[in-house]
Structures are given as C-alpha cells and as structure tokens.
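Please go over the structures that come below.
You will see two complexes here that share chain A, one where it goes with chain B and one where it goes with chain C.
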Partner chain A sequence: MLVQQIINGIVVGSVYALTAMGATLVYGIMRILDISNAGAYAIGAYVAFFFLLQTGSPLVALVTGVALTAVFGFLVQKFLYAPLMNKSPNVSLIAGIGLFIFLQDFLRLVAGPQARELNFGTLLPSIQFPSLQLTLYGTWFLILAATALLLLILWLLLNRSPIGLAWRATAQDLETAKAMGINTNRVVAFNFILGYGFAAVAGILVGILYNSVYPTMGDVPAYKMLAVIVLGGLGNPLGTVLAALVIGMAETLIGGYVGFFLPRDAIAFVVLILILLWRPQGLLGRRRSS
Partner chain B sequence: MKSRFSLSLLILILSLGLMLAGCGGGGGGDKKPAAENKTPIKIGFFAPVTGPAAADGDSVTKAAKLAVEKINKTGGINGRQVELVAYDDNLKPQEAVSIAQKLTTKDGVVAAVSGSYSHTTRAAAPIFENAKIPMIAAYALHPDITKGGDYVFRQSFVGTAQGKAGAFVAVNMLKAKTVAILNVDNDFGTTLADSFTKYFESKGGKVVSRDKFTMVEKEFNPVLTKIKQLKPDLIYMPTYSGTGAQIARQAKELNLGIQMLGTEGIDSTMEFLKVAGATADGIVITTNLNRESKLKATQEFIKDYSEMAKHAPDMVAASTYDCFMVLAEAMRKNGAEPEKIKDGIYKIKDFEAATGIIKGYNKLGEVTKNVQVQIVKNGAFAYYGEITDAEIITPPDK
Partner chain C sequence: MLEIRNLNAHYGHSQVLYDISIDVKAGEFVSIIGANGAGKSTLMKVIMGLVPVSSGKLLFKGNEISRLEPWQRAGMKIAYVPEGRRVFGELTVAENLRIGGWVEPPQDLPRRVEKVVAIFPRLGERMNQAARTMSGGEQQMLAIGRALMLEPELLLVDEISMGLMPILVNRCFEVLKQLSEAGTTILLVEQNARKALGVSHRGYVLETGHIVLEGEATRLRDDDAVRRAYLGG
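Right, the complex of A and B next:
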C-alpha cells in the first residue's frame, strides 16, 4: 500500500510539474504570472481530441496538439503580452486572466460543454502485482517518461546551448541583455512557444490519463500551477519540479492514510501555507535582499 | 445642441409610443373577457449553461425547449401559447438570486422552473416564495429548498428520501453490510451521504470510511487504494458524472472488485457512460428515469429528446421536462395565474410523466413517486428494480 501510494504521488507530482513548467518558463523571463497558460493546457487537449477524431492516429493528434498550441503561444506573446510589456505587471496579469476565461468559453461554444473522451486506446498495458497489491497503469509510464524526457531536454537547452545562455541573460536583466546584443524579442518568443508547448503536452497527457477533455479542464491547473510556481521559488524550473513532487506526494499520502477529510486541493494548499511559513522565498528561491 | 434636441425628441416619441401601446393593451383587456386572452404565458427558467455544470445546463435547456414545444404543439394552455424565459446562472447563487428577481419583477412570468443545482436553487427559492410565483426545482435535492413556503415545489426526490432509497438498495438488493462512502463536498453529496448513513446504520450496516472531494476532482487513486485495504462490501458514491466516471475507471484499474452504488448524479449518458466506458458496467444507481418504462409519457420523451439532441436523455433532462408538463397540467385544469397554478399543482394526483407516475405533492411541495434503480449494462442504463415501499418513497412533510 505504501509503495502504491508513493507511486500515485510521483505520478500526480509529475503531472503538476508538467502543468506548471510552461508558466514557470514564462514567469522566469517575463515576470508575468501567465494564467492563460492553463487555457493553452485545455487548447492542446482539444486540438489533440479533434485530430484524433479526424485521423484516428494518436501520434498525429499529439504532434498537432503540441505544435498548434506552441504557435498559439507565439501569437499570445506577440499580440497580447508584447504590447503590454511596458505597463505594470498587473495589466498583463489581468489580460492573461481575461484570455483564459475567453478560451474556456470559446471551447465550450465550439466543442460543447460535455466532457468528451480522449481515447488513445491502450498505449501501454497496466501491470498488476497481486502479491504486493500493486497496480501500475500503462499511462503512468507514459507520463513519467514524458516528464523525464521533457525536463531533460529543457535542462540541456537552458544549460548547454547558446539559446539557454541568451535565455538566462534575458531572465536576469532584459535591458542589459538587449544592450549586449541579444535578440531578446526572439528569446521571449521562443520562451512562449516552449511554455505553451509544455502546457499542451500536460493537457494531452492528463486528458489521456482521465480519458476526458472538457472546456473547464484548465480551472484547477490555473490555481494549482500558481501554488507550484510559488512554492518552487517563482520561475525556477528545478524548484517547480521539486515543489510539484512535494505537493503531489503530500496530497496523496495524506489522502491515502488519513482520507480526503478535506478536498484534495485544500490539503495541497494547507501544505503550501505551512512550507511558505517556514521558507517564504519558496523551496529553491533566493531570499531577496531588501 | 442639435443632438441633444434630437435625443429629447426621440425620447418623447418613444414614450408616446409606449403610452399608446399601454393604452392599447389596457383597452383590449377591457373589451375581451379574460378567458379569451391570447397573449403567451411566460414561464421562467434558469440553468447552469456556463461554468462547471455546463453539460447539465445544456441537457436541461434542451429539455425545457422540447417541453415548451410539446405543450404548444398540443394546443398550448387552453389556446394560449407558452413562452420560455431562460437565463444562465453560471452555477453561482448570486446569479440565481438576480435571475429570480428579474423573473419575478420584470419578466412577468407566472411560474418558474429551476434547472440548476441545490445551492443555486436554494438561494433563488425564497424570492419566488415572496413574490408568490410558483417555482419547481427539477432535480436540486437539498431539503431546505421547499421549506420556505407554499410556492416552491420539487420534481425529483428530496435528498433525504434518495439517500434512504440508496441505503435500501444497499441493504435489500445488494446485501451490503459494510460501505465506504465517497461524496462530492457540496449540498448534493453531503445530504445524500448523511441520509444514506442514517438509514444504513439503522439497519445494522456499518460505514467504514467517508471521504469527500470537490466536483472538479480527477484523482481517486490515493483514496481508492485506502478503501481497497478496508474491504467494504460496497462503495456508495453520491457525486456527479465527471468525478463518478473517474472513480469507476480508477477502481477498475486498481482491480478493486467492489460493487458500486451511485445516484441520479451520474445518470448521464454523455459524460458518465462515455467517459467511464466499459468500467461502468455493473454500477447500480438510484434515479427517477426508468428507460424501460411502459409509460407512454416516458417513451415519447425518450424518443423526442433523442431525436432533438442526437443522444439519449439523462435524468436531469427528464426531470426538467416533467416540471413543465406538471405546470401545463396545473394551468390547464386550474388556470394560468400564479396562485391558481400553485393550487393546481397541489391538486395533481396520479399524473403520468416521463419520470413515472406522480402520485402527488405533499404540503411541503415534495413529490411522491417510485424510486428507479438502474444498472449499467453494455454501456447503457437498464432496469434493475423499482422501490415502491411507502416508507422509503414518501417524502418528509416538515
């Protein structure tokens, strides 16, 4: 039972990590809490759902879902956030929330309010260990593998590539980076493309895991994502992964051993508050000197 | 200056027009006796068309339109047509309150139907009561909704009765001695879980665990893993389709092998049966729509709704449809003014509706009809039983 619960926790944590990664990347550079990233999560899942219906091919569905959402991220950056860049961050925050609400109702009007199945068929069979009372879903492996792979790519990109260098420079100080000859516009655009691509992968995988896509599926990620980002230390990708695992594990273990005495999200937020009381800067955030 | 002048002129013309229209209406009323009134009868309606319950909002809105169409096709109300005044409450009580105020003060409706959930309907009910305009709650089941007074009715089973019916099924049909409860944490889930527990324990059963979650929860593996260790005979899950489907799927994946009992909350063809797929097979629910009923009203409704919506109807649609049929019956027999409609509803006896024979309404406005027990078989709801026991189906009258 403990092993099962720990695996449950890792899977839940991985889903959170994937979901929050897009917004973490955007925050890291732009210092904007991009709520509409949770809208991209739903958009990605719906695009995949649509292409799965049309072509019947999981691969086409996955690729188009991620690619089109990434393009969408580029457009959001270009036409929503770029014009607001010199305004107060609150303006961008509100604009992002507005876009998020718009996307939700857009999906409802276009695709209908009902939850629809995102049935990729059995990609990997589930494995049972009756003697250990353990079940491993096939989809879990998919999620764990995708999370690990994407995080590895991200790490390589950030730490071992020229883009990563430009990226880190831009994140540290946009104006100075620009003065040093870095094409910051391109860095920011790439950042959004990647951030929205991540959101789409998360949305599609969650859609497969729960066999459902629905217009309001971004609701919970929209605020859970914030908790993970804040706990991880605002814009720190590694912190986000760690925070996601902590929250996923805490929810699962408390839910599994004590029961859902409170709804699961409430448990997660109690954990968040306790940790922030202990480390106000987040798990891997640096304390700002005043 | 000029534009201000033309604006005043416009206002003048408009107000003159309004006065004339007012006179015309009044004059017409004087000449013709009230019995020959041909103006449409307005019935108010609200449902969660947007927000987290938008799927139910969609079902009930279709059902409301279908019902009004049906009433108008079959001669209207003694020659008068019925007109639907529909609003979206976004599943928010504050929206429901302002809608109720609009319906009762501005729109001139003679009666209203709530196609919404318990917390919204509960907020709106006192406003209809104070305005003395009858309102029927289609499927909201919190007991307090009808307690405000004479003008508020309920078309589905009050939560306490359905919870009891669930426990009756658990004890007598599924022979369960121990149960684990998984309830959605709101008026709906809490009312059902509480009343289930009360009856189940009074018959010697034991509730081994009770867990709650929000209506947007998707991850039940932690709690199902816990329940697996407790080895209950039954899982009772008063919740909605989205969460219910995930419980069914994850229980199957975890090889739980425990019988599950749901409620009308998962009586949804689109969201529950399709998403849960084969994992839903064998799940039993208490509801009010018997798909295999011999009643003409039921079969006609299922046929008409399926043609219109392109999918089989669910319980919320059937309940909403029936509210309008009950209103139509009361208006045809007793007159189409709010007070007469209210009295007319109390007079209804053994009325054939889509959700079965309505035996009548008690002084609280609670309906008495048989509770349907359905089972999921091959991806569809099928007959499993019917509770006719008066002790179970008679709603409380205080």
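Right, the complex of A and C next:
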C-alpha cells in the first residue's frame, strides 16, 4: 500500500514537473507567468486524440501532438508576447489568461464539451502483485520513462549546448546578453517552442493516464503549474522538478493516509502555503537582493 | 569611426539626450565626463542599441546603425562594458568569456581567452568559478575581458571606476591606456573626470543631456569651469 502510494506520488509529481516546465522556461527568460501554457496542455492532448482517431498510430499521435503544439508556442510568442514585451508584465499576464480562456472555448466549439477517450491502454499492460497489494500500471512506466528522458534531454540542452548557454545568459540578464551578440529573439522563440512542447507531452500523458481529454482539462493544471513554479523558486528548472515531486507526493500521501478531509487539489495548495511561509523564495530560489 | 549627429533619445517618456554630436576617430581614446544622471549611460545604451534613437544620425564606419539590433552591432565588433559590470553571475568565468565572443568563430575562442588571461592573469586562475563569487575588482576585470573577446574595433566602457578600490581603479585605467596604445578605439563615459582625462586624447562634457564642452583632454583639464565642476577646484 505504501509502495503503491509512493510510486503514484512520483508519477503524479512527474506529470506536474512536465506541466510546469514549459511555464518555468518561459518565466526564466520573460519574467511573465504564461497561463496559456496550460492551454497548450489541452491542445497537445486534443491534437494527439485527433491523430490517433485518424491514423490509429500512437506514435504519429504523440509526435504530431507535440510538434504542432510547439509550432503553436512559436506563434503565441511571435504574435502575442513579443508585441507586449516592453509593456508591464501585468499586460502579458492578462493577455495570457485571455488566450487560455479562448483556447478552452475554442476546443469546446471544435470538439464538443464532452470528455473523449485517449486510449493507448491496450499497449500498456498492468503488472499485479496481489500478495503485496501492489498494481503497477503500464501507463505509469510510460510516464516515468518519458519524464526521465525529457528531463535528461532538457538538462543536456541547457547545460551542455551553446543554445543552453545562450538561454542561461539571457535568463540572467536579457539586456546584457543582447549587447554581447546573442540574438535574444531567437532564444525567446526557442524557449516557447520547447515550453509548449513540454506542455503538450504533459497533456498527452495525462490524457493517457486518465484515459480522457476534455476542453477544460487544463484548468486545474494551470493552478497547479503556478503552485509548482512558485514553490520551485520561479524560473528555476531544477526547483520546478523538486517542487512538482513534493506536491505530487504530498497530495498522494496525505490524501491516501490522513484521509480526504480536503479534496486532493486543496491539499496541494495547503502544502504550497505552508512551504512558502517557511521559505518565501521557494525551494531553490535565491533571495533577490536589490 | 563613430559619428553621432544631432541625436535625441528618450528613456520611457522623458527626453534624456538633446542634440548630441560626437566624433570618435579610429584609434582615438575619447572620454565623456559628467555628473550622475547627465545621460552618460543612456548614451552608451543608444550606441549599443539598447535604447532607441528618437532622431538624428548614428554612423559606425560610415554606415547608419541606429536601426540595427544590439547583436548585429556586436557583430560589427562594437563591444560594451556595461555600468555596474553586469557579468553573468551564475555562469563561470569561462562561460562569461565564451559569451563575450559569441558572434566570433568558436575555433578562434581559445586564442582570445589566452589573450585576455595575459592581460588579467587572475581570470585564468578562476576559469571554472561562478562569476558572482568573485570580488568587485575581479568582476570588473571579467567585464572588460568579456568585451575584449570580441577583439573590438570600438570599445564602449560605462563607468570603469564605480565601486572599486583606488588601486583597482588605477589598474583598470592602465589597462584601457594599454589597449588604446595597442590601437583599440575607445569611448569611455566616466564620473572620475581626473582619471578619464588623464588617459584619453579628447573629451566631451555632458550636462543634463547636452554636450556643453569639448576639446583636447589636456585643454579640458585646464579649463576653469571643468576644474570647478568636475575636478574639485
């Protein structure tokens, strides 16, 4: 039972890490909270659903879902955020919320309000250990493997590649990075492509995990995404992974053991508030000295 | 090399620079002196492309550059040492230098790093250290070294003496003088007028966004008004 809950907590945390990574990357460079990233989560799931229906191939569904959402991220950056870049961050925040609401209603109009099945399940059998009261679901392995692989790729990209060096310099000081010869427009575009790609993977995996996609599936992830990036220290990818695991574990274990005195999502936010009272700068955030 | 003609610039809604005309010839070392808030840093940012030109001309080697992005200007070998150093604190010294030579061919970078280390041996000892862990003086050396990675044709330096101990201030000015003697064209803006005019060929005095005086550095040092206002009597 405990092992089951812990693995479940890690799986939930992995999904949160992928969900919040896109917005973390965007915040790291732009210093704006990109709520519409949670819209990309639903878009990715719907595109994958559509292509699964059309082609019957999970691989085609996955690749097109991620690729088209990444292209969408590029367009959002180019036509929504880039023109607002010199305005106050509040303007971008409101614009992002607006886009997020638009995306939900757009999906409702195009695909209908009902939940659809995103069924990859037959590919992924479960393994049961009745003596241990343990069931390992095939989807769990998929999620853990995908998260580990993507985070490894991201780490290599940020820490071992020229574009990663440009990303880190731009995240620290955009103006100076520009003056040193870094084409920061390109870094920002790359950032959105990567960020929305991550959101799409998260949306697709959650669709597979719960076997459903629906227009408002990005709602709760949008709030959780904010909780995770704030808890992680705003714009720190490693902090985001840590915070996602903390929140995933907390809501699974508290929900499973202490009981459902609160809905699971509420538990996540209680944990967030308690940790922020203890560390206002987030788990891996550095206090900003001015 | 650099020609600024009747240039006006705004920071937000307020005008900061009025009708500025400045010339820097190839090989020259020119200083712009002025009090805090006179618009010196804004002028540097305008030349680098970080603040837009409202009107007027900004020519580099005869080409209008005022519509170019900052990274394109860096590509033309205009290097910038920003006010307050602005090194990338979370990056190592080596990574900071790599970024200084971003627009240059990667295979040429090791040679340039060697050249920078020859000028600032301290940086060589600290290659893999995060820049934020270094002292203010070392960070200033890194900021200059990072700019030199470009092997610049024009070096823009914004306040080299700010917040440094006197011995380091002298060292930094000495380095600029050597670079100038080696042929680098330098435009320095500086509050420490005595030091700046001591190393440069010519100078301009900037007051609340206007150029009020210009001339040979030696002549400015002897000018009564300059002495009273900037050299302490």
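Assume the second predicted complex is superposed on the first by the 288 of 290 C-alpha atoms of A that agree within 3 Å, B and C clash if a C-alpha of one lies under 4 Å from a C-alpha of the other, contacts with A are read in each partner's own complex, and residues count from 1 in each chain.
Going forward, a contact is a pair of C-beta atoms (placed from the backbone, for glycine too) under 8 Å apart; a residue touches a chain by one contact, two chains touch by 3 or more.
All of these numbers come straight from a predicted model, not from anything done at the bench.
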| item | value |
| --- | --- |
| Residue contacts with chain A in the superposition, chain B compared against chain C | B |
| Contacts of A:T184 with chain B and chain C, given as first, second, both or neither | second |
| Touching partner for A:Q172 - first (chain B), second (chain C), both, neither | second |
| Touching partner for A:Y257 - first (chain B), second (chain C), both, neither | first |
| Touched partner set for A:V110, first chain B, second chain C, both or neither | neither |
| Which of chain B and chain C A:L274 touches, first, second, both or neither | neither |
| Overlap of chain C and chain B interfaces on chain A (superposed complexes) | none |
| Partner chain A, residues of chain C touching it in the complex | 48-50, 69-71, 74-75, 80, 82, 86, 88-91, 95, 98-100, 102-103, 106, 146, 150 |
| Parts of chain A lying in touch with chain B, wherever the complex brings them together | 1, 4-5, 8-9, 11-12, 105, 108, 112-117, 119, 126, 128, 130, 133, 135, 137, 206, 210-212, 214-216, 219-220, 251-253, 255-257, 259-265 |
| Of chain B, residues touching chain A in the complex | 49-52, 54-55, 57-58, 185, 209-214, 216-219, 221-223, 225-226, 228-229, 241-242, 245-246, 249, 253-255, 270-271, 274-275, 277 |
| List of chain A residues in touch with chain C within their complex | 162, 165-166, 168-169, 172-173, 175-185 |
